[in-house]
Each structure stands twice: as structure tokens, then as C-alpha cells.
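Here the chain labels run A, B, C, D, E and F in written order, and each chain numbers its own residues starting at 1.
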């Protein structure tokens, strides 16, 4: 396994800047999740590392060696795609063996058989080995895709939203499984997603991307608790952080503050400013209150079995607010 | 209450629509059926008036199609008894079979040129389609349009310089010349169709192979080709049907060695005048493969005739 | 505005039964959710209300009038389709005016009406644009506008947010709910997303395999699921099912799980055989002591909370605890269950046993 | 006529001939139209194969495509044909464009004299420029357009009576074009043996040369000339002379009033069909078909008789027939010349006539027994005395196509008047000759 | 109509392609109409202009 | 996974791996793949086209190898474009084009609409209906000539059967009035299935929910047909019309076999006329100019066609 290092990497497609001057170091053995909305440049970053795209500028190093001018095959990385990485014309076994049979590895057949069997067991699919790839269920297919990466011992595993096409239950199961596999292999893993739950639950490090730029890089907890910008703050947390004009609730704002960020759980009820309840959303384990504070929407959480109803008025006070300046940067 | 849905036509309108369509289908089949029937008629039945629907079937048309015959004297006929059933048939007209006709040759030419050009156009077309589908090629749209527009050219207009060129190169009336020509015409269809088929194969497949250590070329034939197989097969049939049916180039650029069946069939001559049963027999033999292919192709038919723009 | 009553409605497609005798009532002005996995019959039910399918048997009342066998055009109901079903060859204005023109409304009136609706939805500036190039949100708004413009008695919506991407969906859901709150029209809404159903609905019908599993308010359904299916389908992570074999009698307050005695709400009925002890993740407490113990298999950080997966004598269990509470993979901890929230199920039927907790809800389910 | 071959030759046909191996044994291909005489030539050539050791292949192309295909072949420099029996009108183009090998030296060396052949055929089939002693072909097949009729109907007493009643004249072989029309009109639509029959089938084909060959059969007897002075290309007053207009109107009237329905695009094959199926009383066609017609079991024998294209203002028949040439692109010219040498032999020529080919050799034609050797032999000699041919210019195809169009437009498509058609024809032809640099 | 004109002014593809299409169609109509020989005579140049124009304008940027 | 970290460390490092793979660059592969096609098209389409353009300014004749062609400027074009006979040929082509397209569109659309009623076995019947268009036009045209024979042809007898006329009282191919229609009939017979197929694709591309929406919007069936069905099938119909237009503009084989251009010049479509000029009269230079005129027309139509194609593709 190896460390992956990007220095000053840029890539643009026609008029759109997909990746802007990115510096990113993926430590050896880390599980790094790149998080961002569609079009933030996550997938491009991944493809740049895989060698499927050539950077316009900058350098990519894997294990200390520059790979910028190498073909994907030469970079010795494994990649799991969002979908379609199983060859429909081959059996599951051949799919798993495919990377091993490449001219670069030329693994002997008995070795292939052994490895394929091992991986199949890890993924709980040994009984499906002789099925056609098209005969598998969605979850099984995605397992096999992951298996195709696992049969090799690449320098780094790259995964491009591998779980996004699965339903919620399966996703939850595979999340746990991926985390376990990562722990067992001690592999360097770069994972791209727009799902904050995946980012928070699996990553050792999260990188938040915005319009091709890496805005913040750190542990999930660090990012959740200490967002560097308003944008980052809005990426994590469900329901989203409330971003309100400074002074709305009479909090003490530092100089230059423009916006105050208030996580729903960080709003105390019972005293402070009047807020009108617009809607009460019972989600079972939590209840969300949609409030109106002088024309601004505020969301907060309350007891699941609250008796509050729309139209009532409550008092709220902020707790541990964070402040951002006009450009969205955090003021501490 | 039966199953009902807004978009599901009522049983009555289905009946109505069904019977109209079937009626049309039957009418449209009459000429084809007539061709096939006529192939089994005797020459006099074929040109009888009013036309005969009920007749005594004979293989005369087929015998005449495949043989050349000459009229012989009674002494000669008496001295040489008929050798087989085909001989038997022509004896009725005091004739003997003296050898095979040109039909077999022309049919074989159709097969050679048809398959040759099909192979070449699908082969080249697959490569080009792959390149257009996967790589950034400068002015790709213009190139594609240019490729397609070659198909739209009136054959006669193109034939003038081709004729001159082939004359100088000695390609007139050769199999190679016709194969190259049909390939050039067919390649546009092949590129457009195959590009559609290859576009549908997600790039991720090859990218996965690239990352797994295969070269681009290996990824192409190990991953893309097997998945495009159905598309390639149906493209091939479309190309074959075109080459099979082509008439204008064939009539202008071939005379004997490389002439295909379409210019030949209408000129099947009997003793004085067209020998309609033989023409019909030739037409039947010639049309049958295409009918079979059409049935095989029915799923891809739309795609083929619209250069891949419409798929079912 | 109208009340809709579904009475013993059944729908067959050939041999396939899409909806088995179902009954429920949608009250005037309600935002009503039809929830269930794909193929459960929820869309068919909706389409029957709209008249796009006719029920095989049973009755549908709209405002007290039986309309079960009438074509959609005679029902005065608007329908928002999953794929929006905008007329792709018309611009926004034409799409919005189509239902009005179809009714033969005079031109000037149509114009005024469309204008009004476009203002409500904030799409006045795109009226001239073809619908092809619109963003998902705008398409959604146009689809809504086309439904609103006619002022129908009720709205049917078939997963109207399904075609939007995840980020935008939440925003549109809020917008939709706000619109409903403003207009107060009876709305029937089909979704397979339990969170969406909980978030938006005044009432929910949970369907599975052509059958109505439960019908009620979101919080009630969450807290007091009538069946194991509902308990599993609603909530993320879903309810933990701890299987045990035993016998419980009416009036009991204790059950025995892996030699540990747990208290449960007082039972109103008895059962024996394979039973299930159902508890929601947030109703599990972790403590160092406690006799019922489990080994931590995994932790998942979720901001303020975290999900802990534990291996217990009765299978894997997920607990939701505060994220600042320490939990290390591999260590064994004690589990405590909030007795008031536990539901017991009979595994053979999948039904919840009546108890002090749920008898009120189950009575009319 | 004794058309059938002996059993021996027939048997030779059936078995493959073992060719004695010779140093220069070649595979020769002879191209011609696909018709009855072609089959006769195949039989005749067996002898050549035996004698020379060369193998003969034949490429026979149906008449409607013959000119197209062969001219295309020549113009593309094709090597398909070593020997070509090309239509008389091609000689100009064949000579000027270098398609045909000039045969003078060969004739001199081999002692073949053109004086041994009928002058009309030498003039028409072999020389270019016309009438000069420059030979590009050996007359191979004399031919002209003639007529045949249902002798049995003409002899039928009832029909004779009906004709007499209708016209006041006796029913006989027509002695003039007008009389022929009258007879044809008489038969048109008549009920004979329970079938509706028609007057005559004539050439109306548009695609190749049909209608021109048909209409000239009327034009020539009326006195049509291509030029006022031969070789001057001044066509005004000749091509559109009052006689020509009258003849053209006559042909149109013939077409409209005395031909079977549907024969709007008919040439040799259709004409034969119409006659053989008993639809028409008379038909126009090339002499080349007469042996076959005579032998036809249904309408041949004593049911048929033949006559020369009837005169009107003068006698005149449309020339058909071909000379045999060596193609300049052939690699096997020596062997091809060998064939011509063999073919020019009077004995072979006699056999040629016997087999059904029309020899142009004086030794055959001047034989006292020739006239009686077949029912149409005398007619043939008579016809060949007054034949005229179409332009034999190198631009013949263009001239012909123009005529096809103008005549067909007028006669069949009924557009404009005869005068206009001919005037336009002159325009077309003038343009062509201007392009040619001859005007 | 106004959009069409501004599209032309700003060298947008849509309206120009439309214009070229109309010219081509006009050329084809002129070629085959049975009314005036004059139109037939100038049909070729019309179609040619339309076609060349089409090729050029198809490289203009897409509107908006 | 038994591999240890140590094993991995010993594994090939990228530079060593690099030598093992000698793949061509994508750019090179792209050119290698496209080049043969482009070359073939240049040799057999573009080079001849340029040659044709050059020839069109000369009085070259392909059968006069020993005559030097002269450059005559635009004389050929001038001659063609002022020739009223050619103008008449164009009108014959126009008649053929207009009526074939009109009939095929009408019948084709109706058939597609009926087939779209999804009655039992519609697939089978569709396949049968489609057959004629896949066959060789030359062979089929030749046989239709037989069907049109006034005395022995089936067509005349069928018409006679329904109208009570004498079958030999009319000549489809021989009469000036009927001949243009006889080619229209055969072409319609052959190609209606083509229009039908494309219309069917168009009809099937309209999702059911659009009709459901219209139903809920209270549009009557007739209104649905005119405001939804027709406009939504229109792009497909355009495609079919343009393609048939292009194909029929260059129509050759079918008509050559049927009428050969006759009677007179009533059915002499442009390409038949061109063939006569080029390969019978051998006025190569003149014919080249003629060819260029046809070519530009087809090319113009083809550009519109491709535009329509892309429009349909977007659906």
C-alpha cells in the first residue's frame, strides 16, 4: 500500500474547471472519502489518480513515484465503479479472474483459482461463482465489483460511489462491510460520494470539495464540529445547519461576522427569542420543528412526542454558534 | 369488470385495428406470393389469361433457371433417353440440357461480393465506430456527417468517376472492385449503427480493464467486442442486405465476371421473350435469404433503417 | 375540496392481484401518504382513485359520490406523475393551459388563470420556454402548476420527487408541503421513501403485497407498528428484532430473553412459540454494567449521534447513542431497553401483540 | 429448312470435348446477343474448337441490355470479350475509339477478300468510314427487319369473306404499308377461335433501340433520308421531310389502331410472344428469328408465312445484322483472328446458314438452291437488296437515344405532332454533330 | 420572431440553421416546380448556397 | 487475503510495470482505427467527387479516349439548367416524390396507429408487412412489370375484379396517364412499411403517462390525437419523409426495371436520365455537371436529414 500525493493538479473540460489546483495527500492506509455535490470534481479527481484522465497541470505521486505520465495499467491501482464494472459476457469467476489474467500480472491459473476462491468467501458469494454476471442481484453485483478490486494487491483502491445504486438497507450493510475490509487489509482507499452518511460513517479522513477545490480535509468529527466554511458546515449534518444573518437572535458576534451557523441540535428551547412554529415533522426517532424567526426559516429538533402544533410560538436561544464572514469563511 | 386502463385500447378497437392490419398485410403479400407461385408454373400457365391461381405445379422454372438448353431433333431425342428428372421436363419441348446457366455464377458472385463487402465494412466500421465513440477526434461531428452523406449520394452520380477510375485501375468487373465499392457505401451505415451500439456499452468496462492492466487494444477486443457482438451481427446483416440488393452500380460496373444477381435476374431469357417462371424462380431464390434475415432482424430493424437514431 | 373514501377496493390484472380488499378514508384537506415498497399496490391504488385504472370490485367515494367506474375526465381530480408527464412538445405556458383549454375555457380567462398559478409557483419568467430544457425543480413546478390550475377536488401525486436528485429532493418536499399548507387541498401522495412519508404526511397508509398493513398518523405508526413489516420498513436504522422462543400471557409485563428478564408494556393478548422482541435503536442504552450484554462490532459516526452495531445473544442489534458517548469496537457492553417502547410480535403471523402501548392505535388499524 | 443438327454433333455437345493440347491453346470468349442464332453459333464453333484446340466461351447478353452492356464493356476497356459480334451501328465508334482491331492487313495476309461477301453487308458491317476499304469486322450475320403472319388465318374462308366485306379487297400478303395497316386494323379486336386477337405487333421499345428500328421500317419505304447529301450532315428537309412526317404519323396510327393492348414497350421478345401466343395476325421482327418461328410447334410450320417489309413510295427495309470483330483490348488477338479466318471459310459459312445463321457470303447466297432452302430465304435476299441502316457515327448512341426519346414521346406518349418530333430530332442531332465537330 | 432575429445577429446556430434549411428547401422546390423555367435555372445555385451555408453555420455556437 | 505487507512491498513498482505494457497511445489508436475508413471514403467517394467536379467543366467523353477534353467553363451547367426536357424530368421526379411521400405517410401512419393498438399478434403482422422494403428493388420492379401486364397481369385482373372493367382495357405501364401512378403504386407498396416502422417508433416513444395526463386534464380522445399524438410523432415523420425524399430523388433500380423511363419520357426520373447521358450517350462532362446538381440537392437534403436525425436521437 502506498501514499498518494496530488500537488497543484488542475483539470478542465472545455469551459468547466473540474479540478482547480488541488493539493491532497492520502496517507498510507487511510480511508479517505471525497465528499461534495454533483459537479464538485470528486470523480474527476479519482479518475486523475487512476490515469483515466490526464491532468492539465500538477503532479500525481503514488508511493512516492510520479505517475502523471503513466497509463492506468502502469499505475497499479484498483478501481470500483459506480456501476457497470462487471462484464456481462463473463461468469462471476471470470470477472474476478480478469484482473489477474492481465498481461501485467499473468498470474498462473492455479493461483488465480485460489485467489478468486478466497475473495469470493470474503464477499459471501462462493455459490455464485459460476453464474453469469447478469444473473446477480444489485447487491451481489456490487460485491463482485469490489471483489474484482480485492483480488489484486494494488497500491491504492479507488471507489467511485460504489453504493449509490443500491437501496438503503443494502447500502447500510455494505458500509459496514467495506469498513471491515479496509480495516483487515490496512489498504489505502480513496472513496468518492455525495452521501454524507457514507462519508461520516466510513472515513478516516474526509475531503470536502467545492467546485473543483478542496475546501477542507480532516477526520469526520473534525469536519462536523469545526467546519472551515459555511459550505462545509452545510455538507454534514441532517437536518442541515441553519445559516442565519448575524444578530438575528442577539448572539455575540465577533467582528466581520456575516452569517451565523447554528446546528438544529444546538438550539435551546424555552427562553430567548420568539419563534413561530410553522410545521412539526414527526420522523419517529426525532421531531423537527420548522420555525419562523422574523421571516427566516429555522429548523430545530425536539422531543419525538412533542405536543407542539403549527401556529404556536416558542422561545429559542442559540448555543455554540459558529460564525462566518461574507465570503463564507469561518471566524473563530 | 374487465381490466381497463386509459391507455389500453378497448377489445373492440383492437379487433378493428387487427383486422385492418391483417388485411393490409395480406394485400401486401400478394405480389410476393405471386412471385413464388409463378416459379412453380409452366411457362404457358404463367402467361395464361386470366391468370391462373390453381395450376399444376412444375419445377420447369427452376430447371430453366439453372440450365441452358438446346432444341434437338426427334432422332437425337430418341437416341438419347433422358438422364434425370430435369432432362425429363425439358424433353417436353424437344430440348436437351447442355449445361448450367449463368445464374449459379451470378448468385455466387452475389454471395462473394455480399459477404466480402459486409465483412470489410463491418470490420472497418467497428474500428472507426469505436474510435468515434471513445476518443476525441477533431471535427468528429463533421466527419460523421461526411461519412453518412456518402451513403446519400445518388449511385449514378458517383458511378461516373468510379467508372473512369476503375477503368484505369483495371478494377472494372472484378470482385475486388465491387467489394471495395460496396464497402465504401456500406461503411457509413456500419459506422453509424455500430457507434450507437458501442455508445451503449459503458466506458467503465474498458476503464476497468485499463486499470486492471490491459492495454487499450486488449480492452477493445476482450471487453468491447464480445459485448458488441449482437450489434455487429445485426449491422452485418444490414450491410449484407444492401450489397445483396444493389443494382445501379452492379449494372454499370460489371458485365460478366463480377456481375451479381439483381441485374441478371430480369434478363433471364427463355426461348423468345422473358421466361417468367424462370425469372420468378430466380427471384424467389434471391429474395428468400433477405426475407429470412428480415425476420431475424426484426428487433433491430428500426435502428438499421434510421442509422441508429431510433431504437425500439 | 373533498373527502375520499376507499371501500373494499380490489384490483386484478389477469391472474395477478395488485390490490386486495382495501379500505381507508382520506379526510378533506389531508396530505395523505401511500407508502410501501415497489410493487405493493400503492400506485395502483392511487391510479384507481384518479380513474386511470378501474377497480375490479369495491367502491370509491369522492365527496360522498361513488365514482369507482367513471373515467378520469369525469372525476375532477388532478394527477402529478412520477416522470412529471409534461407535454414535451409544448412550452410551459401551453402545458399549464392545456387542461383549461381542454375544458373549453375562454382564452382571456385561461391567460389570467395561468398567470395566477405561475405567480404562486414562481415560474412566471419561464412561461415561454420549452419544457425540454428546464431543470428538475422547474419541471416539478410546472407539473404542479398544471395540476393546480384546474382547481380540482383532489390531487394525486405518484412519487413526484422520485425523478429529482437527492440534494434537491428535500428542498422540493418542503416546497410541496408548504404549497399544500397554503392551499389546503386534499392530496394523496405515493412514495416508497419512508422518510419522505414521515416528513410530509398527515396520515400514512403502509401497504405491502397488495394489502394495507397499517393506517394512521406518522408518529403512531413509528412508535406502534402493527406488523413486523411496518416496524422494519419505517425508521433508519430499522427496528431491532430480537427473536426468542416462549410463551406470554395476557396481562404479563415481563418476558425472558436469553435468560434475562425484560419488562414490556402490559400485554393485552397472549401468544406462544416464536416471538420477537422489537425495540428501536434509539431506545437502547449502553452502560458498562447491565446483565444483557453485547459485543460492539462496529460504530458509525453520524454527527450528534452514532450507530453502534452489537452482537447479542439474540442476534445483531443496532443502537443509536450520542456521539460523545465512547464505544470501542471489540469491547463488550451492557444493553438497557426502554420498556415503554417495546413491541412484541408473533413471528408466525408478523403481527404485533396488543399491549398497553399500542392498543389504541391497533384498534382502528 | 433443315435446322436441326445431326445426332453426332448433338452428342458431342453433351460430352465434353477432349481438346488436343496445342502450344497456343487459348480460352476465347465471344460476345453476342442472346437469341436463336447465338445457339447456332455455339454448335458451329464446336468444329473450330476441334480444329484449332482453342476453347470457346460465350457471353450472350439479352437484346435489351446488349448495347448497354457491350458498349460499357468496350468503353471501360474490358477484357471480357476477345471476339465481339457487335451491332452494325457500333462500327463507327468501334473503329474511331479504337475498340476494334483493324482487319485489312489480316485479310490481305490470309487471302480473305471482302468481294466474297454481299456488298450491302460489307458496307454496313465492316467498313469505316463508310464505303472505304477500311475493314473492322467480317460480316457475320446478315439481317433485316421483316414480317410474318398467320397463314392459317389468312387462308380461312370466313375471314377472307369478312375482309372482303369490310374492305372490298382480297386478303393477301400486304403489298404496301397502307395495305398492311388495313389488314392489321381488320384483325384488331376480332374474335378468332373464341379469343380476341389483334392486328400486328410492332416495335415500341423505349430503352434500347426498339422503336427506332420499328419506325424506320415505315420511314424508309416512305423515302426517309438522314441527310440531303450523304456525308454533309444537313438534315433539315431530309429528316423532317413531308414523307417522313407522313410515315411517322402512319406508324403512330398503326400503334394506336392495330396493336395489342399493353404493347407499349415491346421489342423482339414481346413481338415473338404476341405472335406465338396467338394474339396477333402479323408481327414485325428480325429475320434472325424466322428459323425458330418456323419451327415453333404451336404457330410454326404451315401456320406461318413471311414477307418483306412492304414498300410504300419505294422499297426499304431496316438493316439489322452484325459483323464479327476482334476486340482491341484482348490479349488473345491471334487466336481471335484464327477464329475469323475459320469463320470466313465458305464451307463453314454454308454450315452456318444450315444451322440457322444468316451467312453473308456470296458462295452461300448465290447458290442456286439458296432461295428454296427455307420459306424465308427468298424474302431475305429481297430484303437485303433494299436495306438502310441508322447512323453509324461514333456518336451513334447519342443519336439513337435522341431518336428513341423523340419518337417514343410522339408515338407512345402522344406528345406533340410528328412534325415537332422530327424537328426536335434534328435539333438534338445537330447539337450532337456540333459537339462532334462535324458541323 | 424577435428571438430569431437576435439569434441571427449574434451568430447563433439555431436560427441560422433554420434559415439555411429554408434556403435548401426553396432550392429543391425551385428545381422541381412545374411553373417557371427561370426558377429551375436558378435552383441549383440556391441549393448550393443553402448547403454551404448550412455547413458553415452548423459550427456556430449553440444558442443561449 | 494472505498477502502480507512485505509481499506487497516486493511487488512491481510502477516504473518496472511501465516497461511491461507497450500499448499504443489513445491518440494513435484513434487514428489507426479511423484511418482505413477515411481512406476508403476518400478514395471511393471524395476523390471521385472532386474528379466529377473537375469533369463537369469539360466536354470530356469517356468513350473517346483519343480525344483531348476541353475546358468549357459553366457551359454544361448552363445547358442542363436551361434544358426544358430535363426540367420535365425534374417534374416527373417531383410527381413521383410528392405522391409517394404523401401516400406512404398517410398509409404508413395509419398502419402504425392501428398496430399501436397492441392487438394480439401485431408483431408477426408487422414483420410480414415490413418484408417488401427489404427486397431488391430491381428484382421486385421487374416482377411488377409482369403483374402490370394488361392481359396476363394479376394487378389488372384484381382491379378489374373490383371495378368490373375489362382487365386489358387499361395499361398501367404503357399509358401516359397511368405510368407515373404505376411507379408510385410500386414504390408505395415497397416503402410504406418504412414510414410505418418509423411512425410506430414515434408512437411508441410517447409514454403512456402523457396520455394519462391528458386524460386527467380532461382532453377528449380527438383532442389528444391532434394535440399530443400528431405533434409528438411529427419529428419521426419528418425523418421518414426526408429519408424517403432523398431515396426517391435518386430512385433508379425500381423504375428502370418497371418502365425504363417510358412511355416517352413520362417516368424518366432524373437518375434514369442521368444514366442515359453518362453511360449510353457517354457525355461524361455533361453528365458530371448533371451529377453535381443532383448531388448538391441530395447533400442539402441530407444535411437537413441529419439535423432531424439528431433531433429524434435526443428523444
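Keep in mind that, in the parts below, a contact is a pair of C-beta atoms (placed from the backbone, for glycine too) under 8 Å apart; a residue touches a chain by one contact, two chains touch by 3 or more.
Keep in mind that what you see is a predicted model, and the values were worked out from it rather than measured.
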item	value
Graph separation of chain A and chain D (steps between touching chains)	2
Smallest number of contact steps required from chain C to reach chain D	2
Per Cα centroids, the chain farthest from chain A	D
Chain pair, most C-beta pairs within the contact cut-off	B-F
Innermost chain, taking as reference the mean of every protein Cα atom displayed	F
Computed distance of Cα centres, chain F from chain E, in Å	22
Intercentroid distance (Cα basis), chain E paired with chain C, Å	56
Cα-centroid distance, chain A relative to chain E, in whole angstrom	52
Two or more partner chains touched - positions in chain B	6, 47, 163, 167, 213, 215, 218, 252, 274
Overlap residues in chain A, where contacts from two or more other chains coincide	71, 73, 75, 103-104
Residue numbers of chain D (touch at least two other chains)	72, 75
Parts of chain F lying in touch with chain E, wherever the complex brings them together	77, 81-82, 84, 87, 90-91, 93-94, 97, 293, 296-297, 299-301, 303-304, 307
Residues of chain D touching chain F in the complex	67-68, 71-72, 74-75, 93, 96-98, 206-207, 260-265, 279, 394, 397-398, 401, 405, 408-410, 412-415, 435
Touching residues (chain side chain F, partner chain B) in the complex	17, 21-24, 26-27, 29-34, 36-38, 40-41, 43-45, 47-49, 51-52, 55, 62, 107, 111, 114-115, 117-123, 125-140, 142-144, 146-147, 151-154, 157-158, 167-168, 189, 193-194, 197-198, 200-201, 204-205, 208, 211-212, 215, 236, 239, 243, 246, 249-250, 252-253, 256-257, 271, 274-275, 278-279, 284, 287-288, 290-292, 294-295, 298-299, 301-303, 305-306, 309-310, 312-313
Residues of chain A touching chain B in the complex	50-52, 71-73, 75, 77-79, 81-85, 87-89, 98-99, 102-105, 148, 152
Interface residues, chain B side, partner chain A - complex	202, 204-205, 207-215, 218, 223, 226-227, 229
